[in-house]
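You will see chain A twice below: alongside chain B first, and alongside chain C after that.
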Partner chain A sequence: MITTLLSGLALGAVYTLVAVGYNLTWLTTRTVNFAQGGFMVAGTFLTVWCQHRGYPIALTLLFLAAAGATVAAVEFTFAIRPILNRSDHTELVTTVGVLTVIQGVILLLSKEDVLRVRFFGSSRELLDVLGGKVSPAEIWLIFLAVVISLSTHWWTRHTRLGLAASGLSDDREAAMLLGVNTGRFSYVAFMASGALGFALGPFVGPKTFAVVALAALLSIKGFVVLAVGGVGSNLGALVGGLAVGCIEVFVARNLESTWQNGAVFLVFISVMLLRPQGLFGEQRERVV
Partner chain B sequence: MNVRPVTRHRLAAITLASVALVSACGGSGNDANKSSSVPLRVLFVGGLTGPLSTTAIAVERGAKASVEHLNSQGGVKGRKIEFTSKDDQSDPTRAVTLLQGELTGNAKPDLVIAGVGSNEALAMAPLLARNKVVGIASAVSPKLNDPGLYPYFFSEAFPASDQVKAAAVYLEGLGNVKKVALVAPSDALGDGTAANFAAAFTGGTIATQVFRFPTDAVDFTPILQKTAAYKPDWIYMEGSGAQAPILLASREKAGATGIKTIAGATASSQPLLKLGKGQQLTNLYATLTPNAAYIEPAKRNEEFNAFFAAIRSQGALATSPYVYSVGWDNISIWAKALARVEGDVTGEKVKTAMESEPAKASSAQFPVYSGQYSTTNHMHGGHPEDFTFAQLQEYKDDMLVIKPE
Partner chain C sequence: MAASTGSPVAAHGLLRWFRVPLWVILTATLALTPKLGLSPSASRQLLLIALLSLVVSGLNLSFGFTGELSFAQPAMYAIGAYSTVIVSMHFVNDVLVCMVVAIAAGLLLGLLSGIPGLRLGGWVLAISSLYLVLLVPDVVSATKEYTGGFQGIGGIPLPRMFGHELGTDAFLAVVIVATAAWFALFRNLVVSSFGDSLAVLRESPILASSLGISVYATKLKVYAISGAPAAMAGAFFGYLDGFVAPETFGISLAIVVLAASILGGSRSVYGAFAGAALLQLGPMQSTAFGDYAFIAYGVFLILAGVLLRRGLVGVWDGLLEKRRARSPKAPVHIALTAADAELPPVNGQRLSVAGVSKKFGGVAALTDVTFDVNPGEIVALIGPNGSGKTTLLNIISGYYKLDEGAVHLGDTAISRLSTHRVARAGIARTFQTPSVPALSVRAAVGSSRSRLNRASLIETMLRLPRYRRAVASDRNSVDAVLAAVGLSAAADTPAQSLPLGTRRMLELARSLAGQPGVLLLDEVASGLDDEEIEELSRIVRAVRSQGGAVLLVEHNFPLVRSLADRVVVLSRGEVVVVAAPDEVAQHPEVLEHYLGQPSVAPTSEAGTPS
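Showing the complex of A and B:
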């Protein structure tokens, strides 16, 4: 029971962290960046690359964050900015395109389909927690999901910069008139989401391995979590992510394992029907 | 207009010139009487990039090594071999397009290595039959072993049904096994394995239960927990790509490492010792294909030494030597058949020669499998003794050293 719960929480933590990345770009540009799952997977492959070269964890994290910020800045410049003011949601297509490019580049550069990512911390393989078994990397994932989602939630609600970012999401033109540098905000938000995605590689990799095909799966599950929790709410991302992770493992454990995706999408559809703005999203009146 | 009349001499000259021109242009590919200066053409069509790239690259490298080895010995029947590769990204539609392009070109291939996956091979086999070009691949689908439908296609593989059967024979032979659980993915591989598993244990004394996991899950702990709750004496688990290491990690978390577990042939084709660690490898028995388990230097024959030297000269090995040896075998089986052909080399004659291949000598390392092609069987394998089930200790000479029991 506890092992199953911890597995579900760790899995949900990965989804939460993808959804938090989505929210970073949503708040400033109203873009759901489907490349976020690709950022995370690219981070796992680069982690292995750093480990082979014997880089310490601090240098690895710095390198990953810099690489992620650069990739995201390139994405924003060439795939998002040119279409930012269009109202037809073309960015959904271009970000999926960026995800495909990231997967293609990894496939070209990596000689192996699957790589093991060593955890940088404790050499103990599994820990006993409340009678259940959990790996140190999974504990880190749960911890990071809670800390990152709650701190970004607090940041968007209680700091000047966070409120300005939220303002961008509400009305980009009004924010510009109020003196908010929307261009810089958008760039920084994209770079932050890229840095976050890549820098999570050393934590996600020990659980998922470095696998290219995982990128699309994480992007989809992250989107489900985003919709269930409420777009723009990092608290929603945390609750939604952990719930989705737990639903998956408990359905697999106690019902039929092949129903786990079906159960998640049942929850997704139910939330969309009963509370379209998501569990923690805000309902907005449409202005005509 | 002044038109010169066609004289008898002029007509004879035109006729002779036409015959010479037709002779020079016609008869591409296999059906021409080739001189020793015309090289034999081998075409590899496979997923050199994409999900099966590691396997495809290894098979291609093994085949290339075999071609170089044969060319260094003067070629086959005095003709050198030319090797060309095309990347179909493991996409059957792309594979057919690429093959079609080569078959309609000026230099038709004499042998096609039709990818490494059954889907690619199934897509290419009808084209090979239509063009009477011999094809070979390491595809395992039993659908391909249909000489009536695909007379020019041969498979250098152990059929999936027999892989599971080999495990069933092994477990029955232990004498104390009462319950076996199968853990397999919810996809075509899992469907095939589950069907073969049911067939292999039917009529025996061992009770079985099947547990399936979703192919896109990243944690199989709940499935392994359910499996452990069934209290089997042995687990047989199968999975491709990332599923194999996730199975190892989940098996440990589910507390199932105390149950002896066979990793199926597909799961075992992954570098388990590199992807798994510590407890995850406890009581884990890999399905070892021929040439995967360590062979003492003294027991390696001349061809094996040539193979090993050739693939190592290409750089570090990315996977088990067995995968490379399949590519080597693809070429050498065809070359040996070609050497048995009398007179002109045609696709039809090579096919007939392959169907009458001699039995493998008991001490030989090649062909990889001990089976024999015939007019009714175009798939090697089928002998449970071709496989070994053993715990892994370490890599030595790029081969897997078996842990003593």
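Showing the complex of A and C:
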């Protein structure tokens, strides 16, 4: 029971971390970067590559973050910035394109579409927590999800910089007039989301393995969590993510594993119908 | 050929007479290609192109024609394929039966997944449709006994029709005929008054609902229909190799379909076939391409999104427009011709506004507003900026819900209805900034008649007599209105090429063509020169003398004086006085607050909610 719960929380933590990445770029550019799941999967493959080379964890993290920031900056330059002022959801197409390119590059370079990822540090033995079994990687995932989502949540609501960042998503033009450097903010936010996505590789990999096909799945589930929690809210991302992870694991355990995606879909659709702004989202007045 | 502008009657002259024979000959030729010496492997390619083009055409319908991106096509394709698996193996092995079952299943899946997805649209629709594709293997594995699970299922019998087994050539013929039939239906659907309302909806959902078009219901219908061709293609796919596995229907297929759609032009009918053929014969052929396929498709999507500046769906439209602009026939400027006809009678209804109040947050925008507009009467609504004129107009037309009071049109209470229902009840309006879709003037004016349109989508697609009658009657009424407002000469011009003054006239004509009970005119004279205002006044007077009821929101007091029978003066959301224009002009409070005669500080410029 506790084991299942912990495993659900860890799975949910992965979704939460994808959703936090979405929020970073959403808050600054009003763009949902569908490549976010691809960042994470690329991070898991690069982790394996680093481990082969015997890099220590600190160097690996540094390398991953740098790689992620670069990839995201390239993405922003070529696939997002040219279409920022369009209102027709073109970024739906371009970011799906970026995700597809990332998958293609991984397949081309690694020749394998599934790899096992070892966890850094001590050992792979399971820990006892509250009478349940849990791997160190899972503990790390839950810890990271809680810390990152809560601290960014606090940051966007209580610091000058954070408020400026979220002001961008409300009204880009007004923010510009008030002297917020929108261009640099957008770049920094994209690079941060890339760095975050890639650098989570060593923690996500041991849980999910490095799997190319996982990229789209993580992007989709991450978006579901984002929408359920409320777009723009990292607290929502945390609550939504952990809930979705637990639902999946409990459905798989108690009913059948083939129903776990269906159950999440049902929850997603129900929340969207009953509370379209999500659990922690703000209701926006209908603009005529 | 892009099929986005104009009604069928406006379409290319010669082609019009030869369209049907041409279609029959082309279909027959393609269907008989194996007999004409096409090699078996080439005919298989032809068949695969036909299947892919069906799937792509569904995406064109939802993405290109309503602007909602959906990735659900592989799921629709899958449900069609598994319909064939189940029906042919367990019930009856007949291509036509499988096709019908598949189409029904595709429509149902489209409807069910569209209901939540379209409620929010945009990203939510895109992701929930992608999720649907994700669920395909799960559903297949949960129904293993029938579908064979992850490993796939073999042993699907050879296709039969009416008890006869179909050989490869006959099966190809069936697929080609069915594909051609769908494309004919698809073309008939989008080149029609329904297609025109889709153009209105793409231009502005606000405009669409003010014309009585339900945005949600229209999108849902289109979305559900878009599942049908994909499901039909799936039904054929099930028979193709006698084997079906879920991996066929994955996200990579969704990417291929999207790329094919953009490549052929998403807002086109036959572009779906072109895009499918290009991808089927090009990248999907070569095995060397395999390693780079993902990268190539991804780069293509990024480039397409970034480079096609008119938006993904408009690229071919843009090219066509350029050609049109070069042709000498294209009129540069349309001057209003003198009206050469009487306005047809207008069946006006009484509009009564009773005790209407509305607050935004804590601010009272309107307090206890009461007045009537009767048939054969022009009532003007005046007041300084921020006095609540536009708010009131938005309440009457259903964009805002009132807090207290009631609005009646004739005996019908309209204050609780949604915008498109208000329009259907008989309220027509113009906008401060004219809202004009990418249609010909005639089609744009005719778009208000969708509320009167009696032809169903099936009648439209099959061009049944009722549809033809509706088209004829629409055309007569629209032409009568165009003649009365002096726009006859411009009937076939693109509406968006008109200058402002003519656009206002177009909006007026559009409102009148819908045979409204009440006409709301929102600052209809602003930005017009004296001559245009004169012409406009003549028409508004004609509406009155023909029995129409007109509510005019206007800043131009001399115009109000010359037109209105009664004037309602609003100030800070309250009615100051309702009186004849000359009386109003003498009213002390009006002089002070509105006309600004005594030396009082100018009225505040609080923003008018609009």
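Basically, the second predicted complex is superposed on the first by the 284 of 288 C-alpha atoms of A that agree within 3 Å, B and C clash if a C-alpha of one lies under 4 Å from a C-alpha of the other, contacts with A are read in each partner's own complex, and residues count from 1 in each chain.
Quick note on the criterion: a residue touches a chain if its C-beta (ideal position, glycine included) is under 8 Å from a C-beta of that chain, and two chains touch if they have at least 3 such contacts.
Predicted model only: the values in this text are computed from it and were never measured.
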Chain B versus chain C as contact partner of A:Asn261, first or second or both or neither: both
If touched residues of chain A are counted for chain B and for chain C, the larger one: C
Chain B versus chain C as contact partner of A:Leu214, first or second or both or neither: first
Touching partner for A:Leu108 - first (chain B), second (chain C), both, neither: both
Partner chain in contact with A:Leu150 - chain B first, chain C second, else both or neither: neither
Contacts of A:Ala79 with chain B and chain C, given as first, second, both or neither: second
Partner chain(s) touched by A:Thr3 [first = chain B, second = chain C, both, neither]: first
Partner chain in contact with A:Ser135 - chain B first, chain C second, else both or neither: first
Chain B and chain C contact sites that coincide on chain A, given as residue numbers: 107-108, 217, 258, 261
Complex interface listing, chain B residues touching chain A: 49-54, 186, 211-214, 216-219, 221-223, 225-226, 241-242, 244-246, 249, 252-255, 270, 274-280, 318
Sites on chain A touched by chain B in the complex: 3-4, 7, 10-11, 14, 107-108, 111-114, 116, 125-126, 133-135, 207-209, 211, 213-214, 217, 248-250, 252-253, 257-258, 260-261
Contact footprint of chain C on chain A as seen in their complex: 32, 78-79, 82-83, 86, 88-94, 96-105, 107-108, 216-217, 220, 223-224, 227, 256, 258-259, 261-262, 265, 268-269, 272-273, 276, 288
Parts of chain C lying in touch with chain A, wherever the complex brings them together: 67, 69, 116, 119-120, 122-124, 126-128, 130-132, 134-135, 138-139, 141-142, 206, 251, 255, 258, 262, 291-302, 304-306, 311-312, 394, 399-400, 610
